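The structures come next, written out as structure tokens.
Here chain A shows up in two complexes: once beside chain B, once beside chain C.
The block that comes next holds the complex of A and B.
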């Protein structure tokens, strides 16, 4: 049974990358960014192609971050430079990415067992070779999630990071500091989508596959985890937002695992998951009606 | 107070996970069956598979148990369900349709759990042709279908096909159609869509191209909204040829195609060998269906004014809604 908890934790930690990304746009920038549904499979598409071509598995993560950043830049330019509304600029990027992802990958792809992923490649084996594959996945996912969390925390404490937070909270302040809030938004979107694409890459490593439709619902997932996480730790101000969303992501996957395990008819799955969310939100006293800034 | 409740809830959920674990000693063979989503063809695969196990003399409850889950066409759900099967130490995973087969195979890697799949069109392309895995392919009989259309409509020139650009099965079948159409005197007009919502527009496009008939694949997106296509084509007087019996039942004119129940049964027989310990998955090569049948829907054919050649009628199975 520990096994099931471990596999749920792995999912929660990997998908936490998506939560980080949505946290930056939705919660910090106050920007409802829908490009996530496209940049998530974009990271997976690039990763799947590179892996099947024999690329170093660790480098695929870097590649995913770069293409994700490009996708974010695209949304940012459409919004900031072409003055398209925030929701629409995300929709445009997401729609375009569907075709681009297919163009990159050809069609849905699978990565054979003979191909090394970050969970089975040499350096990982050298460090954690003694562990079972599942435990190795857990450790690697944990390391990546914690590393990204710490990097983000450090970034938010820098001048640039504070500006980012100011744009969402009080855009006039940014302008009065003689900074261009458009450029700050651009930077936020770049970072957010880079993280989401990294999440897509990790999912590709974990599931050894890319599918064009894997992005569907990622924005909703991200929003749910951010709201659950932030609501849960609302009164615990010492808990950072980045920590809260990781917990949110794990709780989300836990809800699904519980719904699965209740052994109800498969068609009832989503309903049970929805009821569990509602319970968590009501119990935390926060119904997700407010956008919570970091 | 509410905070306490929240954490209690989280703890309760964790505990309920622990409570649901079942010990496996001396138990019947545990099968985790993961179906990609629900439509008639995939349901037939599953039912055929379970029938195949019964036919092989295995009894549910005493010889084996089945944990049936479906992923609602959601890949993240596929991964999580397959992971759950692995953590519950099922003795075998069964994946219905390619995405679920891939998810099972990945989750089965660590414990080397045998995986059986049903309805994977191209197992080699999906990387499912080696290792502790086997199953059945539902590659369509393109030649038989083209022959059938030629016999039904001797003057037809263009066949319209709708497909989803992201489904590898459809893409490879389209390529096969395009390669073979010429030798039967056809040209193919293929229109690609990305979501079910775009399918009606795609059908309108093909109708405006004045194609002589439609040929329908096993494309999940398109099959899901097939009735809306049939409504348009029957108004335009264009026959649609299906790819399996369920499609003919709901209004396709005819089909040289697969009986998914049969495909499932064939897969069930393979699984029974593995359950009995007579063979392991890697010793059984994947199979394609032994025989294809011709299905016709006389109501639709009559309405279209198409007469069925007597040699075809003699061997065809009637699949009109009334039959």
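The block that comes next holds the complex of A and C.
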């Protein structure tokens, strides 16, 4: 039981990176970004290839962030510069990335046991070598999730962060402030997809594998966690959005873990995901969008 | 000085719904002038503002500020020295940001939005003072989200935000039209006060003939893309609401309304 809880917590913390990304696009930018389904496995693909080639495991995270940012830039340029609708821009990037991911890492790639990941590499062992592998994963995942959360909170409090929040809230105002709203949106998409790809990289480190289909459903996961988190803490305005989505992510993974533990066949996962998402939307009493903007 | 030179604007060109609004339309606005513009729906008042602000493209013609063409500048670039208050109070502020955050954004207009703190605590007293000047009791609501304020309060803050940094032009697009009569009056008086205190050049589109007569030092009436009445100074002061109404009705009858 405790094992299940710990592994769920690890999952929730690692996947929180996806939630952060979706939180930025969906909740802050008001941009339904589907490129997440492509940038998540992109981060994992790059990480898997680099790890198998003997790259420093910590550097793979940086590489994932960069390629994710590039994916976000693609979606942003398609939307802002080529004037394609937001939803379609994401779909185009997502579709293109599927092939790109196959080119990078094939349909499946396993990272051998002999290869060090961020959970087993020297510096991590020096710090947390006394812990079991599972506990080490928990600590590392916690550190990364909290660090990213704090970084985002700090960013949202800066002038640039304020402008990012303004563009999703009222793009007219950003224009009135003599700023190009398109560039602000672009920046948001870049940050969001960089975080999502980092999430993909962490999953690759954790599972030591990449699969071309691992991106399917990540948008829905992200949306569900954002909506769960925000709905849960709606009455507690002192709880930051970033905290809310981490809790949303953990709760979501807990629901899935419980469902699987109760004997649900893994093939039914996506169906459960969809039903869970619907339940959350209905239970919070309003349509998803309104919850976010309430 | 702002000059609109021989601007032509056709909506939906090349289609069956093609409609020519402006045919070589020209207008010049002196610095420090406060113009009220009236006219029926579709007469081109808001289109004129949109052309000046760069919100809509034109087929030909030029817009000059201080003798320099701004036609090639995008809308957001023009706003560096322009402020605009919209009819819809929701457009002037960010509903999910607090009033303090909104004011901080406006305060930083024209500067870079980098990684320094978004809200400058040293400016809070200044904001309080400005809000007190509005006389709406908003100075105690700095940490309230804009979205929870009333339309009139939001419009007052929008007005404050639009005029916080130095401006060449203030554009007012029926900015009292969505407010109740009493609030509209308050906002109109505030507008006048701010324009006079900061010596702004302002263009105000309004459907309220009384405001058009009472406020401003030049009055324009527009009809089908043309200026049909243009009164400045003493001539404007002697214009009454009845004069405007008579002309308005005459135009409407000609239009077959």
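Criterion: the second predicted complex is superposed on the first by the 263 of 294 C-alpha atoms of A that agree within 3 Å, B and C clash if a C-alpha of one lies under 4 Å from a C-alpha of the other, contacts with A are read in each partner's own complex, and residues count from 1 in each chain.
In this text, contacts are C-beta pairs under 8 Å (C-beta built on N, C-alpha and C of every residue); 3 or more make two chains touch, one makes a residue touch a chain.
Quick caveat: nothing in here was measured; it's all calculated off a predicted structure.
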Q.
Is A:253 touching anything from chain B or chain C once the two structures are fitted on A? First, second, both or neither.
A. first
Q: Please work out whether A:206 is in contact with chain B alone, chain C alone, both, or neither, and reply first, second, both or neither.
A: first
Q: In the overlay, work out which of chain B or chain C sits against more residues of chain A.
A: B
Q: Determine, under the contact definition given at the top, whether A:217 touches first (chain B), second (chain C), both, or neither.
A: first
Q.
Looking at A:11, would you say it contacts chain B, chain C, both, or neither? Reply first, second, both or neither.
A. first
Q: Applying the touch criterion given at the start, work out whether A:180 contacts chain B, chain C, both or neither, answering first, second, both or neither.
A: second
Q: Figure out whether A:129 sits in contact with chain B (first) or chain C (second), or with both, or with neither.
A: neither
(Q) With both complexes overlaid on chain A, does A:169 touch chain B (first), chain C (second), both or neither? (A) second
Q) In their complex, what parts of chain A are in touch with chain B? A) 1, 3-8, 10-11, 15, 98-99, 102, 107-108, 110-113, 132-134, 203, 206-209, 211-214, 216-217, 221, 232, 235, 251, 253-258, 260-263, 266-267, 269-270, 276, 279-280, 283-285
Q) chain A touches which residues of chain C in the complex? A) 74-80, 83-84, 86, 90-97, 101, 104-106, 108-110, 112-119, 162
Q) For chain B, which residues are in contact with chain A within the complex? A) 2-3, 5-6, 9-10, 13-14, 16-18, 20-21, 35, 38, 67-70, 72-77, 79-81, 83-84, 86-89, 98-99, 102-103, 105-106, 109-110, 126-128, 131, 165-168, 171, 194
**Q.** Complex contact set, residues of chain A against chain C
**A.** 155, 157-163, 165-166, 169-170, 172-181, 293
